[in-house]
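Which chain is which? They are A, B, C, D and E, in the order written, and residues in each are numbered from 1.
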Amino acid sequence: MSLPEIAFALLAAVAVVTAIAALLVRELVHTILWVAVFFVDLAAIYFLLEAPFLGVLQLGVYAGAVTILLLFGVMVTRKRIFSREAATGIGPVAVALALLTVVFVGTGLGELPQGEVTIRAYDPSTLSVNLFGPNGAWLLLLGLIMLAAVSGAIFLVREGRE
Amino acid sequence: MTTLGPTGFLALSSALLGIGLFGILTRRNFVLLLISIEIATNAAILNFVYFAAFAPSAPLGISGQSIAVVLVGFAATEVAVGLAIVLALNRAKGTINVAEVTELKS
Amino acid sequence: MIPILSLVLATLLAGTAVTFLAGSRARWAALGTALAFLAEVGFLFLGYPGWPGYNGAMVPGFADQESYAWIHLYWMHVNYTVGVDGISLVLILLTAILQIATVVYSWTESKRPAAYFGLVTLTCLGSFGVFVALDVLLFFLFWEAVLIPMFFLIGYWGGPRRRYAAIKFFVYTHVASIVMLVGLLALVFYSGATSFDFASVYAAARGLSPVVQVFLFLPLLFGFAVKFPVVPFHTWLPDAHVEAPTGGSVLLAGLLLKLGGYGLIRWAVEVLPVGFAHVRPIVFVLAFVSILWGSVLALSQRDLKRMVAYSSINHMGIVLLAIGLGSSLGLLAAVLLMFAHGIVSALLFMSAGTVHHTFGTRDIPSVGGITPTTPALSTMMMTGSLASLGLPALISFPAEFVALLATWEALGYLVLLPLAVLVVTAGFYLWMMQRMLFGPPRGIPADAHDVPTHEGVAMGLLVALSVLFGVLPGLLVNVIANSPVKGFPGT
Amino acid sequence: MDALAMAAPFAPELVLLAAALLVFLLDVLGVRHLEALGAIGTAATGTSLLLVIADLGFGPLGALRTLGASHLDAVPAPGTAPLYAFSSFGLVFQGLFLLAAFLVSLASLSRPSHERGAAVFFGLLLLATLGMLLVAIASDLIFLLLAIELTSIASYILVGYTRRDPRSLEAAMKFYIIGALSSTLSFFGASLLFGAYGTTNLYAIRASAGAVGYPVLALLGFGFLLAGLAFKTTLVPFHAWAVDVYDGAPSDVSAFLAGGTKKIGVFAFFLVFLGPVLYLRGTGGANPFAGPPFDIGPVVQVTLAVVAVLTMTVGNVLALLQREMKRMLAYSSISQAGYILIGVTIGTAPALAGATLQVLAHVLMKSGAFLVVAAVAGLGVGPLIDDWRGLGARRPALSVAFALMLLSLAGVPLTVGFVSKFVLFSAAVQAQGLFVWLAVAGLLNSALSVFYYGRVLKAIFFDPATPTPAPSGAAMGAAGPPPLGAGGIGYARAAAIGLIAVAIVALGLYPQPVLGAIQSAATHFVAGGA
Amino acid sequence: MSFVVVGLLGRRMPRLEWGGWVAVVCSGAAMVVGVLIGLGEVLGPATYVDRRYTWLHLAPSSGYPNGFSLVVGTLVDPLSALMLIVVTVVGFLVMLYSIGYMHQDRGLPRYYAELSLFLAAMNGLVLSDNLLEFFLFWELVGLCSYFLIGFYYEKPSASSAAKEAFLVTRVGDVMLLLGIFLFFYEYAAAGPVGSGGWAANGFLFVQNGLPFLQQGPPVATDPTILTVAGIMILGGAAGKSAQFPLHVWLPDAMEGPTTVSALIHAATMVAAGVYLLAVTSVFIGFTATDSLVIVAVGGFTTFFAATMAVVHPDIKRVIAYSTISQLGYMVLAVGAGFSMVALYHLFTHAFFKALLFLAAGSVIHAVGTQDLFKMGGLKKAMPLTAAAFAIGGLALAGIPPFAGFWSKDDVLASVYSTLGSHPYYWPFFLLAFFSVFLTAYYIFRVWFLVFSGDRPRDPTLPPAHEGPWVMRVPLVVLSAFAVGGGALVFFPGFQRLLLKGVGFAGSLAAGIPPAYTATDLLLSGGGVGLALGGLALAWWLWGNGRVAPLPSSTATRAMRNVLLERYYFKAGYDWIGGRGIYTLARAADFFDQFVIDGTVHGFEKGFAALSDRLRRLQSGLVSDYAAYVVAGLVTVFVLLLLVAPYLVGRFGGT
């Protein structure tokens, strides 16, 4: 087992564990913490995959902004922060469904070429050329989405003062 | 040059997807639902990044990373909108437990 | 050439619109429309071979045909194609007669008269359309177009259980239409017809294998059988008839049932002769069951309208039987019988309506001996009943006679069944007459008086017609017989 | 000049964007009259609609044409495929989207003028419409999904737009959660497809469909996409949100959702699944479960067919007993989606044309119906179907219009709903083989649907009015703003409803012009021209 | 010419009292014309005047290379001339009689209208030149009968009897219709005319200017069908002529005015059945089986009806049973192959039976009751009526030289002559022969009950008196016929009428005129003796106004009840018609409503239940919705990866 593989295995394990932990811990504030760890862990995986720009972005956007947003949401609705997660009625079914999905996706893996695959390394400049060049429309669209989201979100949140 | 087998990788991404789905199905707290969705979304992003390696050519592969970048932004935006809804809902109904927001049914 | 058929359609369309908007004068608008319609039908008749006074050569195929492109796509050509032959012409005449009769009968309708007369006119428009349409889609459109006004007529002006009846009627017939539509579409596409026109479908269907023909014929048969209605798809009919207002019942029994017969002849039997030939046993079984079932059930009814309704099932069973024979004699009988039944059942339903509002009930056992109080009504009722049970010199006789004759010719001793049922039919009519018309007066309100003038006029018209065509069936027969019988083996 | 020439084909989109920005700008500047902002929205959607029709090559509007005829249906050179392409089929759909937006925005001019947030309403409406237009020109999976997300996010907010109404917010919440889940699934599917094909360009995928290296991966990707897009299209069992959302959202927004945004899912289905349906033949691949190699195309078709039949049936069955008007309409909307899916399943030009016409019909019928519901709610009538009793006598014109819409939904002839079903099902029959059963299933379902439409008609026209008639516009006028014109409905809304009613009948009688355009577009689309 | 008759009678809208005179005048005119026609046939050579109009026509097509047409027309031949005389003469007399008899009734215009219509239809029937037209008028005649039986429609028994009459004859009609179909389909196609089959030929009695009967008996192609056809035609005749087992309606038909009974239910309409048999016997030549069946029906009915007449207390019903019985004689004769004899009896019977009815009517008119046991001693008050009744009775009983003797004797003699070759006829011959005794007994029982004695048994009866002249004249005229009608047979012209009428040349003409060999004389003597015996018994039992001559022992009482209840036939039919079929119909109705409609409702309920079940899934909890999405996703995978590949692999693509 090569070093990247060992690293990946570790990181993957951490990702899985943190993700599960985030969903299962009883207190929401702890959840946010676990999520933050999860995001950081993913960023590490991106670095491992030779996508440094993405890694940075993940750190900034997810581990930073999103986590803070979530924390903010938790704080504002704080009446419920420390409440126990309501008991779930469909737990076994949910597990079964999730597992089935995983199994089906897993079958797709059987087709992929097994063994080592070389990860292509792209430096951020290539990425930016692509991002603003031929695929610029994606970013344009993202901008529009943000416009809609921001204006809508502000409208929804502003309501309280009326 | 890093080399990495697809098996473990896709196992990770599908596991994350499964965890996300599981969360969406079982959690009642809106914020937890948001988190679950983010976990699943991250699985997709991971896939894009990884499959860049499988693309027939490098120029095609790079778009995988581009997509990942865009998706990260999109996911953040989505979370923002979700939180706006959480806040409004909390104000209107005094709860963010989706199990208590079941006025519309049958 | 005058596009006479389009002109008729336009007349009816305009008439419908004017009637809807005419407010309290709607009945005049409706009557005007009906009369104009009748005049145009007369014109059509004069131009058609077979009618006395026609001096042109007999034209095979359809007369007064018109065709305009309507929906032309790469893969389907739907046209507005109309035309008549003897079969449709006779039924169009029936439409015109019943329209006038219905309008006159309902002259004093006071509940939203504009809508009522508008819907009546619309129903007749639809029927006319069905009879002239020579395009699959056009046919289907008109077919369905009849449904909606009838739905409203039953549902708004009908009796106590009208809503249930209206929905039942609509759902039943709509389901049937849908199955029929599948059949028609399959007919077009499986035969590879170049357009939806009758001529094209007809020509293309020649090339279909017997198996395909059978499979195409069955949905069509089902679609038309519900309209007929054939037992066991008939249960919508008694409810619809009983709950419908009199005008609605008249149109329902007089016209709508004929659509089924006409459709079967035109779009199933003529187009798919081989399939028809294979399916004939089924047709016979259905027909026999209907004949028997209709009359036996009529026997057990207490409600006058319900009784007439079941007798309609019986009569339409004979029509189906006659069609099923697959001979030109049978076809003639079927068309004649449809015309006869249209007139007679209309008369009977009008009688039932008058009985209902004169005596406040249609329950046969609770009213009796009405003849001294209402001689005109009971005379006309009697005429209707006698005509319906196939008395000579009245309109049904020649039709039933030819039908039975053709049945014997084709089926031999099986004719015994419809023959025996004739006795049952006579039985329930006589039973009804004995109870209601004769005997000591029973359940007659003090203020009962004879038929109102307008109703009398309408019914009298039908009585006169049933005598006229009973004595001179040749008037119609020649028209029917001159329509080329398409699709029978050997033609 | 060059930039202008580059931008010209996007004129419809740009008009919308400019209008949206203008609306937000005016809002910031303090101009918050609903009428003013609504007029901008209406004008923008209207203009855009005209531009799209002009681009389709409609003669009289030739002068407005901004998209060169040569760009239309041009096949992009391999490898240089941009993220968007102008197909006439897409333009047709753009027209449909804009029609829905125009109608809703026109009717919304009659919303209560004291209402807050007109800017957000019209601005987001315009942005959502913009997203829809972009969907119709997408040629790239990610572009497509992002455009869908633009519409989705705008509509999440629109659903929750009456912020004080808990029902509205509940609807927004459910919409959001299921929407986000679905988008995640879509993106996951896209990632698998990216893995399987190495590209996200749909035309490239279509072209290389016959040479896919990992068919199971591809199938998984299509499966995820099916689930994700089915959310938008409200296919069973991905439909459950729709009922609650249409119910809880303001009726105008429901009209927009049912009549408008839902249709982007349809287009996305065409775009994504036509490839597999049409071209993934004989590509085979080891099936890890079932043994022998199989054709992907038929497999996808079978799956789509099952989903289509399921959708029709479940939608109809659920609508049967529904007592609330909006929920009934929602279920009927679901079943209509099933019909439309038949078109995709068959994948021939006639089927596509039929489905497209069905979309058009549904735009008219469903948005019309919800607009009427909004109007009737404005008259003080409750949400239950029983509350509508006797409306036929009180508001004959409105009732007749509504009846027309319902009859059209039921596929009764002389309405556009019939023509569309006719074309669609005749395409199914034409395709022969097992597809005939799809037509049979569809037709039987439309028969089933007659039950509940008939029930509504019965309530409106036959049943006597409820004993305590709800307060009419005049009574409300005392408390709120002065009663609206056109008998408490509002002129704009009345105009929109009238327009729809007329269109339903007109297209029912003579669909040739529209159908002609649709058929050539569909033919081009199936032929594979971009 | 004869259309004039029909036309004259067709114009029938008399009003009020003198409307009756209009009808009388019309029928008088018709009688004149009819008798003239008849005389023309009697005096001159037999002619066949046929006029035809196409009623319904199909042009030649592949199915019918010669086309297909139904025609209406009139045919005057000896047979119809004979009937024409009967119908118009009796018709006129009854009309005239009605003026007096019916004068106090409401609804006179209706009466005369219906009676005139009946006469018109009857003439039409007689003059028909084809079976279709025959059938048409046959039904019309039945309709008029229906109306006239139900003339007193307020009386439930009258309307019920009318319905019964219509229904029972309808059974016969249906059989007749089938008989017509059978006969022409199987037979005329291969018949002597054979120019393209029956479809082209229609139902004509006449082809190429000549009646079938002039063209010799044709060859049957399928004896089975011919047999069935014969039995079917017998069924029609049995219905109309009230033969067993379709006899039940005729006694009940006496609910109508007596005049109607006289005209329709004695003289004319009921005879139409015999006429039909006579006509058809000519051109289908009944097979041996047919003949046996006809003989059996006729012979049995003769006896059967006579027994019922023996005990009945209602004057009209007794005569009605007698009619049935006499019609039985005619049917018997036809069956034995002697149509002309049957017609002969028909001819005489028409007059004396009409006479009996009119005389009875006169009595009823006078005393206002039909119950024999209330009457008595009317001889003095109504001498003319008593005489007329006696003449009628004598004629009926077959006492020479009254009309009935000749014809009845002829019937018996001719049947007897066949016994050698057809031994199976023996029992029926004996029944018929013994019926002579019964006939004489029951009719004179009536006479003695009504006329003998000194006073009515029921003192409350009003004093009797003779009717006005319009009632007396017909009695006299008919008495004359009843006395002398039988002797007409010795006129060659009348003979020819009978012989030509049924189309047989001399060799087959046994019995016309009656040939009196030794055997025949013995037979006649025996008959007369039986009749006299019956007469004597009647006198012995009832001759002096006794009320109950016989002790009501259990045996006779039981038998009497059986007879009064008409062997329970009526009850049986009522049970079948009323209870049996009605119960069946109710059961069918139940099936219709709950099974057929129930199935439909079951679908509805099923869908509703499904809807309800599915609706519960819409829980309002968003997690559930998400679960559906994921479940859907999994389902899609199952479909895509498992089910669909299997299906596609199994069925080979779409």
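Here is the rule we use: a contact is a pair of C-beta atoms (placed from the backbone, for glycine too) under 8 Å apart; a residue touches a chain by one contact, two chains touch by 3 or more.
Here the structure is a predicted model, which means the values were calculated and not measured.
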Contact-graph distance - origin chain B, target chain E: 1
Shared interface partners, meaning chains that touch chain D and chain E: A, B, C
Which two chains share the largest set of C-beta contact pairs: A-B
Chain whose mean Cα position lies farthest from chain A: E
Farthest chain relative to chain B (centres taken as mean CA coordinates): E
Computed distance of Cα centres, chain D from chain A, in Å: 31
Separation of chain B from chain C, taking each centre as the mean of its C-alpha atoms, in whole Å: 65
Mean-CA-position distance for chain B and chain A (Å): 6
Distance between chain centroids, defined by C-alpha means - chain C, chain D (Å): 42
Contacts with two or more other chains, residues of chain E listed in rising order: 615, 618, 620, 622-624, 626-627, 630-631, 633, 637, 641
Chain B: positions in contact with at least two other chains: 17, 20-21, 24-28, 34, 50, 54-55, 61, 63, 67, 70, 74, 77-78, 81, 84-85, 88, 98-99, 101-105
Junction residues of chain D - those touching two or more other chains: 142, 146, 149, 153, 156-157, 160, 163-164, 173-174, 177, 181, 185, 192, 195, 216, 220, 223, 243-244, 288-289, 451
Pairs of chains, among all present, that meet the touch criterion: A-B, A-D, A-E, B-D, B-E, C-D, C-E, D-E
Touch list for chain E against partner chain B, complex: 615-616, 618-623, 626-627, 630
Chain C-touching residues of chain E, taken from the complex the two chains share: 54-59, 61-64, 68, 70, 132, 135-137, 139-140, 143, 150, 153-156, 158-160, 162-163, 166-167, 170-171, 174, 177-178, 181-182, 185, 199, 577, 581-582, 584-586, 588-589, 592-593, 596-597, 600
Contacting residues of chain A [partner chain B, same complex]: 2, 4-5, 8-9, 12, 15-16, 19-20, 22-23, 28, 31, 35, 38-39, 42, 45-46, 48-51, 53-54, 57-58, 61-62, 65-66, 69-70, 72-74, 76-77, 79-80, 83, 85-86, 88, 90-91, 93-95, 97-99, 101-102, 105-106, 108-109, 112-122, 126-127, 130-131, 135, 138-139, 141-142, 145-146, 149-150, 152-154, 156-157, 159-160
Chain D - residues contacting chain A, complex: 17, 20, 24, 82-84, 116-117, 120, 123-124, 127-128, 130-131, 134, 140, 142-143, 146-147, 149-150, 153-154, 156-158, 160-161, 163-164, 192, 195, 213-217, 220, 223, 285-286, 288-289
Chain B to chain E touching residues, read off their complex: 21, 24-28, 98-99, 101-106
